[in-house]
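You will see two complexes here that share chain A, one where it goes with chain B and one where it goes with chain C.
The block that comes next holds the complex of A and B.
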């Protein structure tokens, strides 16, 4: 596992490993599972359908997973999205979609580059 | 539901915890944190969690529960667990990034143990869950110990009550032996008194506990005879006027004697015992002794024991008289040959007398004497 590639992709590897008691094997497994996680796609679907409730659900799920895997930027953006939707500002949350897309893509590319 | 084994390095803790989260990645992280300490069972939504928990309510040391899940969410799980009482026995931790909001307040109200923040901080989560699990286990052990001790105390209290009763019966019977009674007399007075108070309107207003106390007290009605000299107590045939005056003092002597036993005073039966000992020879028309009380001045329990004593003396042989038949005994009582009784008391007595007579049947032939 190449830490610098994952770090460049927006993952705080040391923080994530700390949560997994230092197990690189488990981190690799979980990052592999992240690629199959549907919450980012569900958020995009919710944006397309203009469905605030589904948007909150997807953003919240992505927030939880990205937080646990120390994907710093993705976690920040989803946290803000959740706050905005809960505050009733769905349009502003929807406006984060592009930024979230680029953060998500970086993470995804880094994981794929490591061939986990 | 999936189970990941990891019963613990020491193998001492065989218990399981339930991790509930709709995201597999989150479940795997929590499972990894706890598999060293517990067997970790996972559920991917609230419905599954409820099924697992309710199928085996005692089977988990703790539950880690995500709040936001599709269908049945974490709060709904809490709401459904609340009425089962499970939340008092199994600590439930809510996993949430949101703190200090209305959800938290509601969760505490429903009985959640604590919150685990997301993203999880491993040593904090593990420490906190392990501490609470230990606390619950200690509490369970303690409550089992307390329950054990409570049962032991209860058993001992019952033994003491039995012992008290046994000693009172033995002492009273020993006194009866002096004037040649079998000891059955006190037993029968006890049974007649109990029957009268429990099964006729004469016992109205008395609780079952009162009746037990009165019946126990009735056993001691003649304790004062211990102070009467043998020459009088055991004299066959008629007593002289002077002798009869001495004999009559067994009522007052009995009350004094009972009053001198300090331990007696704490017994519920005490005040009845003193009253009965002193007044079981009073009569409805005021012509009894020692105080010449009349009518309702005589307590109901003293009236009942007075009548029971006369009935038992008549139907059994005494040193100064033969045994009379039931019919003859009842006629003598109703005709006032043994002094006047409360008409209502007699009415109640005649009602249950056949049942009382059946209590005597099968008992060995009475060989008794001495109602005076």
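The block that comes next holds the complex of A and C.
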């Protein structure tokens, strides 16, 4: 596993390994699963459908997953999105979609580059 | 009340009068002692000085007698010397072989002059005198002298020249067979009296003593006192008798009588205010007398100066002793005063204590009597309505309330008395602050919810495990919290904030701040000053309606003081109060920290139901917790969680980890459903919320739904294990106890 590639993609590998008791194998497996996770897609759908409720659900789920895997940027953006939606500012949260998209893409690219 | 005032006044009066009286007495005593010292000293000094005249007279008598004897001895040896000189003159002339008359005369004159004689003559047996050298002298009692020389009884006399010069004249009998005119003649030779005087050191300057030589009739042969213009000593005495300013303690007649008896006498004269000591005694070998006169001041002055220097020394010594004595007294007085002050303070303190005690008793009797009256009264009413279950039940409720209040009061009083009597011993045990706070929070939350008050807890702990008295710490927090809740109206808020700052504390302790803030009724500034006193309750209607003993805050204050901490209160009437406790808690060593925590290893084999909709999160949790020996079952949402739990054997699951946001059924709903199930472990199975949100609002909702604790997401295995270990451990303890 190439730490530098994952780090460049926005994953704090040391933090993640610290949480996973140092198991690279587990981290690799979880990162592989992350590509199958539908949270991000559901958030995009919610934005498209202008559904705040669904958006909160999806952002919250993505927040949990990205937190567990120490995807720093994705975690930050989803946390902010959750806060905004809770505060009733759905349009502002929706505005984060592009930024979240680029953060998600770089994480995804890094994972795929490592062929996990 | 009047009695109390009187007593206070009496105590004040006694306190101000009693220490002053002995101090004044001692001060007077010291002054008296000083005066006595001065008087005794003065008396001794003056007596000593006065006695010195008499003493000096006594000393003078002995001194003069000795001196007179010495002078007489010296005089006698001087006489012998001159006589032997005269004899050797005679022998030298004879040895020269001169035979001629003129030859002999020249020889006598030459030899005598060489031996210091200033006058030489020959007295022939027929009575003619031939002068060989010096001036013509008129010899005293010339014939008697010549006879005395011939028979050896009188070797000396006095001659006076025409111009008044006096000489001592000695005689020597000549033998000459060749010149018959000379045979039996007397060779006489004289020495000037001045030379004799200086040889005998009789001059005044040397000895300060006048020495006169007088004839038996009192006339002077030698008068050493140049100021004394008289021919006769006795005559002078006689002339002076009765003259003012002159006083001899012997009369001239008495003295003449002594001289007739050839005796010696000591007498004292006062002339012109000067004292003189005199001593008269006969001069051996002559019929003359020697009179020595010693001016009193010669002895008196040194003795006096000695006496005065003694007095001065005594004075200085006396002064030194007095100063030392004074210093001792001053010290003693100071000591006495400080002791009295201390006594005074102690008395004031004991007065205050007895005042407080009597107030305590009067308060106590009122506070105890009120609920007791209710109990007695309600019991009476219940008895009268024994056939009316509703009335009896109402009475019993009131009795229960009053009893509970009474019990609280008694507990507080006993606690307080234990603290007051100094029997409060603070333990030093390992205390996990998070656990303590959890326990306190649970109790306070129940109270707050019952009164419709929002309860918020904020903690920032950098050193969660400390050495302190956990029970007392809880008591402080609970008292502060229940007080805050009690005086906060429905819809208000009570906040407990515990923070361990990085500020330095002594001995490497950790400074721990506790704030209890409420939005309650607040209190007046005047009451804030008394709030920590026993039995103090603000006298407002709102407070009167609230149950309380007025002891809670003083217990808090005592405990905080005992822990070496401090407590401050700030409040605004109508806007709430804030209590701020600062404690420097002892850190617990690293190993101790683990001991204080429940051992996560005890969780090995524990079965945990995990409700989590996200497969990835489930994977993380199951991998991590599974690796720690836990058996995890997965429920994909709230509904499945409830179903799996209801389907399990009671006691199968040791705990449930519950995500809050799940499709179909949220964590809150699932928890409520589980708690509502009709099975033995429905209410006891620990349910732990897992939330990515740190909002207090979420935590509160979780608690309201019946969850026991919460852990943060992303998952922190150590934290999850710790919380689970605690909850599972408590539950097991509870079971063991039951």
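In the analysis below, the second predicted complex is superposed on the first by the 116 of 116 C-alpha atoms of A that agree within 3 Å, B and C clash if a C-alpha of one lies under 4 Å from a C-alpha of the other, contacts with A are read in each partner's own complex, and residues count from 1 in each chain.
We take it that a contact is a pair of C-beta atoms (placed from the backbone, for glycine too) under 8 Å apart; a residue touches a chain by one contact, two chains touch by 3 or more.
The structure presented is a predicted model; accordingly, all values stated were derived computationally and were not measured.
Upon superposition of the two complexes on chain A, a steric clash is found between chain B and chain C.
By the document's definition of touching, neither partner reaches A:99: not chain B, not chain C. By the touch criterion stated above, A:51 is placed in contact with neither chain B nor chain C.
When both complexes are overlaid on chain A, the residue A:112 reaches neither chain B nor chain C. Contacts of A:12 after superposition on the shared chain: neither chain B nor chain C is touched. Touch criterion met: A:30 reaches chain B and chain C at once. In the superposed model, A:21 lies in contact with both chain B and chain C. Taken together, the two complexes place residues 19-21, 23, 26, 29-30, 33-34, 37, 39, 57, 60-61, 63-65, 67-70, 79 of chain A in contact with chain B and also with chain C.
Within the complex formed with chain A, the chain C residues making contact are 613-617, 619-620, 623-624, 627, 659, 661, 663, 692-693, 713-717.
The residues of chain B lying in touch with chain A in their complex are 21-26, 28-29, 32-33, 66, 68, 70, 97, 118-122.
Of all residues in chain A, only 19-21, 23, 26, 29-30, 33-34, 37, 39, 57, 60-61, 63-65, 67-70, 79, 82 touch chain C in the complex they form. Of all the residues in chain A, the ones that touch chain B in their complex are 18-21, 23, 26, 29-30, 33-34, 37, 39, 57, 60-61, 63-65, 67-70, 75, 79.
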